Amino acid sequence: MTYSSKFSLALYRKMVLIRQFEERVKYLFLEGVMPGTIHQSQGQEAVPVGVCAALKEGDVITGTHRPHGQAIARGLTVESMMHELFGKADGCCRGKGGSMHMGDLERGMLPAIAIVGGGVPIATGIALAFRLRKEPRVAVCFTGDGGVNEGAFHEGVNMGAIWSLPVVYVIENNLYAASTPVSQAVKLKKLSDRAGGYGIPGVTIDGNDVLAVYETAHEAVTRARDGGGPTLIDAVTYRITGHSRRDPCNYQPEEERKEALQREPIRRFAERLLAEGLATQAQLDEIHLAVDAEIEDAVESAKAAPDPKPEDALDDVFA
Amino acid sequence: MAQMTIAEALREALREEMIRDERVFCIGEDIGIRGGWGGAFTVTLGLEKVARERVIDTPISENGLFGVALGAAIMGLRPVADVQYGDFLFNAMDQVANHIAKIRYMSGGKIKVPLVMRAPVGATGRGAQHAQNLEATFLTIPGIKIVCPATAYDAKGLLKAAIRDDSPVLMFEHKLLYGSKGARSESGAVDASSDIPDEDYVVSIGKGIVRREGADVTIVGTLLMMHLALQAADRLAQEGISAEVIDPRSLVPFDWELLEESVRKTSRLVVVAEGPKTGGIGSEIAATVSERMMDYLTAPIQRVASPDIPVPFSPVMENFYRPDVDRICGAARKTIGD
Amino acid sequence: MTYSSKFSLALYRKMVLIRQFEERVKYLFLEGVMPGTIHQSQGQEAVPVGVCAALKEGDVITGTHRPHGQAIARGLTVESMMHELFGKADGCCRGKGGSMHMGDLERGMLPAIAIVGGGVPIATGIALAFRLRKEPRVAVCFTGDGGVNEGAFHEGVNMGAIWSLPVVYVIENNLYAASTPVSQAVKLKKLSDRAGGYGIPGVTIDGNDVLAVYETAHEAVTRARDGGGPTLIDAVTYRITGHSRRDPCNYQPEEERKEALQREPIRRFAERLLAEGLATQAQLDEIHLAVDAEIEDAVESAKAAPDPKPEDALDDVFA
Amino acid sequence: MAQMTIAEALREALREEMIRDERVFCIGEDIGIRGGWGGAFTVTLGLEKVARERVIDTPISENGLFGVALGAAIMGLRPVADVQYGDFLFNAMDQVANHIAKIRYMSGGKIKVPLVMRAPVGATGRGAQHAQNLEATFLTIPGIKIVCPATAYDAKGLLKAAIRDDSPVLMFEHKLLYGSKGARSESGAVDASSDIPDEDYVVSIGKGIVRREGADVTIVGTLLMMHLALQAADRLAQEGISAEVIDPRSLVPFDWELLEESVRKTSRLVVVAEGPKTGGIGSEIAATVSERMMDYLTAPIQRVASPDIPVPFSPVMENFYRPDVDRICGAARKTIGD
């Protein structure tokens, strides 16, 4: 397939936006300005960006404890996210969620689910609602490679499968669950082999190739929307940052990391865009500058934004 | 007006709400199977006739099905999810306690979770894994309303209120009160049937009721224990002790006003709850009443509860486990004798 | 394979013992003499009998909410079981367990786990203990066809697989989970297809052929004992009695039931034994008589046995 | 004698017990990965050097890993299973509450379950799903002992006692007390380190301790709250109020004797517990003390706890959630002023 320059640059911009957002947040966190803990997704950008590019308005994603990339890919503003990270009253979850619960249903993303695997049944239920209402909408569930070993994954995928619901399960397979290599947690060459146990199609793809991700997701989303039921997509990528906080990643072999950096999705896509004449270096540079400015604005605005009042904590328990 | 058991009243509530509101659906195990029982206690029997696609039989996957219900609720449907025995809520505990109870809060109030959960409780000769009273456990989890109907009237009215509520509501139902019939009847069952009005009604969540007026001691209890409290009050009356019986009906929110009013009058309180005494419902009620009303109390609040043990199988031991009329009377006398 | 008359008759006797035990218990229950509820296994006898025939002393099984057959097959005495069913102080669980928790670790069976799927991780843990202690013992986990949809099954089997533990997972596949047909709960032709998702061998067999069950189990148990890791055995059988209590089984199509009765394991095995000259009708008749007497003794003794004291309920919480 | 943080003291306890007894092993997620952190809070760091095969890293499967630990414990091993955050105990709830807590009982006492469970608790800027104090929830489940060390000395001694116990023991550890270092340090941490004797010792499960003697009011609390109670006592002392601080250390069994002795002296009680007030630890303590000692009490027992809400993320709101020294002092004054 070939894609327009506009489409390609939009993908590129999203990936850069995620990367720079994560880098900026990491810096803010290490500075000690930002509360809480963070899970970041540098290196994994192609997965959410490719997947979300295949979605329509009205589709809904569920995110994980590592949700910044998913949120940006789905269309949350970095401003609303940065405010949330700073715990501000006008963050996307009004300061009640924080990094791990980033989301905004109005923008098509549930507050992220930080319990590994927990989002799988929920996404299935969202798809059930679409089915019962006869709406042509699709749910997409992000999970990590570690998430596939939770009971919730099993139960949720099985229900999606038996009811042929409009849902796509996407494994952001960064080869590690926290510090645990996927090879130690699963006795399979490909995580997509789990799909057979549920009677649904499964596919393992290069998750650092944003177009491959897009194409696979597009096919799966279309199938789901057309009543063909779920797909399990195992998108293999790599986390080129720590699992959380100040993690030095000593469990990642040096050689592996070096190689992974070679395959990191943004530079790869840039090279391809340049090679195929879909973008000029100037265009790419401009994107980087614009993205940085957007993020910087978000940081400034977040720092200046009002904190919630302590007693605001008492609201929002019951409807 | 028709006489109904709790199982029938719950079924009627579900039927009427499913008809009234297309968003309402039932989800659970064995709830709508053709030739099946309508769930473990017949509550959903025949509801598939209202709308086949809104009575959803799931695989045996409690955590999954509560998560599915949550997802659907977030999207604006109004699921009624059940477990066959309350004990299996522990299988679904992550979804119930970490997601259902919290996702609205985590969203900063942007999401609503109009989700009803139903769970049978009570020791009924099935051993430790089909027996627990889980009210106290879930009391520790903010974000879920909890209701406990003791009569068919309340069962119907509370279930309707729960379905119409925009927040998660967990209804505990007692196996010995269902009045399930035929192959699904329970030995040792207590009659909890009521005359059910023909017209639509709800019982407000958070409103208790005085089941019997009295002057000397207040006895508070829900579900089966409410019935035993009434029996105890009868017996106490013969001894010249006038017991007031309060049925809070909801545990979250709790009708403190009603209870306080009663205790102001009687100055004595007995709290009856099936389930372990430690960490029990009785502890919360006793602590709160003591905190608020110490000056009114003329005797220490008595908690009648089960010992701190899993539920034993043998009827001899199970009867020892379950609070009974004797022990309630004993506790009431103690508040007066002291 | 051919088997000795002695071995064959031992299998036959166990199956008859289970069948007659269950029939007697059903009668006692319907009479109202027996407390609680019961899940019975008429028609499924070949599965536990075939599997347990492949076990050695020291091996341990975990049972389900439908454990009577498993318990008898593993070698509990009908006396200790009948006493337990009557809630007597000297039942195999001293009256604290009841029908659903039948078991006796000294005889190689954990008190049965009545939470569907709950036994799977526990059996895996038993196998882990054998591995850590370097003991040549095997754990066998019984589950129903419904049990394979629980998260606990997924998590437990996966850990057995990745650590190649000496454990065998046996699905007593009676085609129904309570009233729910297996075809409605799983989108697979064969439940053994779940095995591929864990990277372990899986096999679907005729669970009403006691020798086929034995042979399959023997192979799996041997592999497990020899360090070859777990196997998932899907033994297809049928429940020719109610799910529990007074269940009329209206969800089982009449035609299907008739056919199932044709394939019921005890008569089938009797016919085979007679045909192959491994037994005479007189021998079989004698077995039936002896079994009935054994059960009757157990009933009499159970009725006469002392109840626990109410306060005995307070014991056995902590060690 | 060496000064140790709680994380270090727990690690030492594990190391020594693993060396002392071959049956002891650790099981959990990310606990022994080469190049990893030794669990979420560094407690198991380096233990694989004692015995590689006895530090078992599992997939992310909490219910599974607790079930595996149970199976191994039944067969006579002595597993120490942990979750990275206490909140994930809800994922394992079926195994913990339905099996671990009950299987010995169901077996009629024929089985032993020498199983230790470790779970970090406390609100620490991570939002609602990594924050809960679960002590009260598990208090409702008979069959599990519960310990809550507030100091490194107790952490080591209680963990050793737990490992040597033949019953399931659940240890709650507070994230702000670990004293984890480097990349795993916590902001807002409180120093809970102790001088740890060189020789082997245990702290008996079920024995509380007077942390500070006082005459006017008893303040009881565990984990982080014990430290805040001590700070509150300091401040109250400046106002001329002499507060006694009791650390029960174990919740199950609970050292009622120690607490009662204190209350007999002070006649006033403040119970401090992080976590929702309703159904909280404070409710149980208040109910029991009221029941047993009403005549000694000169003021209603005050419960200082969190509001009945999930844990909010924003530090401003989280600080409002967490009981603090101000509120403890206020409650103490209230018992005296009344």
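Worth a mention:
Letters A, B, C and D mark the chains as written, and numbering starts fresh at 1 in each.
Just so it is clear, a contact is a pair of C-beta atoms (placed from the backbone, for glycine too) under 8 Å apart; a residue touches a chain by one contact, two chains touch by 3 or more.
Everything numeric here is computed off the predicted structure, so don't read it as measured data.
The equivalent interface to A-D, defined as the listed pair sharing over half of its contact pairs by residue number with it, is B-C out of B-C, A-B or C-D. Among the remaining chains, the Cα-based centre furthest from that of subunit A is the centre of C. A straight line joining the Cα centres of subunit B and subunit D is 31 Å long. In this assembly, the C-alpha centroid of subunit A lies 41 Å from the C-alpha centroid of subunit B. The distance from the centre of subunit A to the centre of subunit C, with each centre set as the mean of the Cα atoms, comes to 45 Å.
Touching two or more other chains at once are residues 58-59, 61, 63-64, 87-88, 91, 94, 98, 105-106, 127-129, 142-143, 307-310, 312 of subunit B.
For subunit A, residues that reach two or more other chains under the stated contact definition are 93, 95-97, 101, 113, 115, 149-152, 154-155, 158, 162, 184-186, 317.
Taken as a graph of touching chains, this assembly is fully connected, with contact between every pair of chains. Subunit D makes touch with subunit C in their complex at residues 25, 53-54, 56, 58-59, 61, 63-77, 94-95, 98-99, 103-114, 142-143, 145, 165-167.
On subunit A, the positions that touch subunit C within their shared complex are 149-155, 158, 161-162, 184-188, 193-200. Taken together, the subunit B residues at the contact with subunit D in this complex read 87-88, 90-91, 93-94, 96-98, 101-102, 105-106, 127-129, 136-137, 139-143, 252, 275-276, 278-280, 282-284, 286-288, 290-292, 294, 297, 299-303, 307-310, 312. Residues 29-30, 33-37, 57-64, 87-88, 91, 125-130, 182-184, 187, 307-310, 312-321 of subunit D are the ones that touch subunit A when the two sit in their complex.
On the subunit C side of its complex with subunit B, the touching residues are 32, 35-37, 84, 87-89, 93, 95-101, 113-117, 146-147, 149-152, 177-181, 184-186, 242, 245-252, 307-314, 317.
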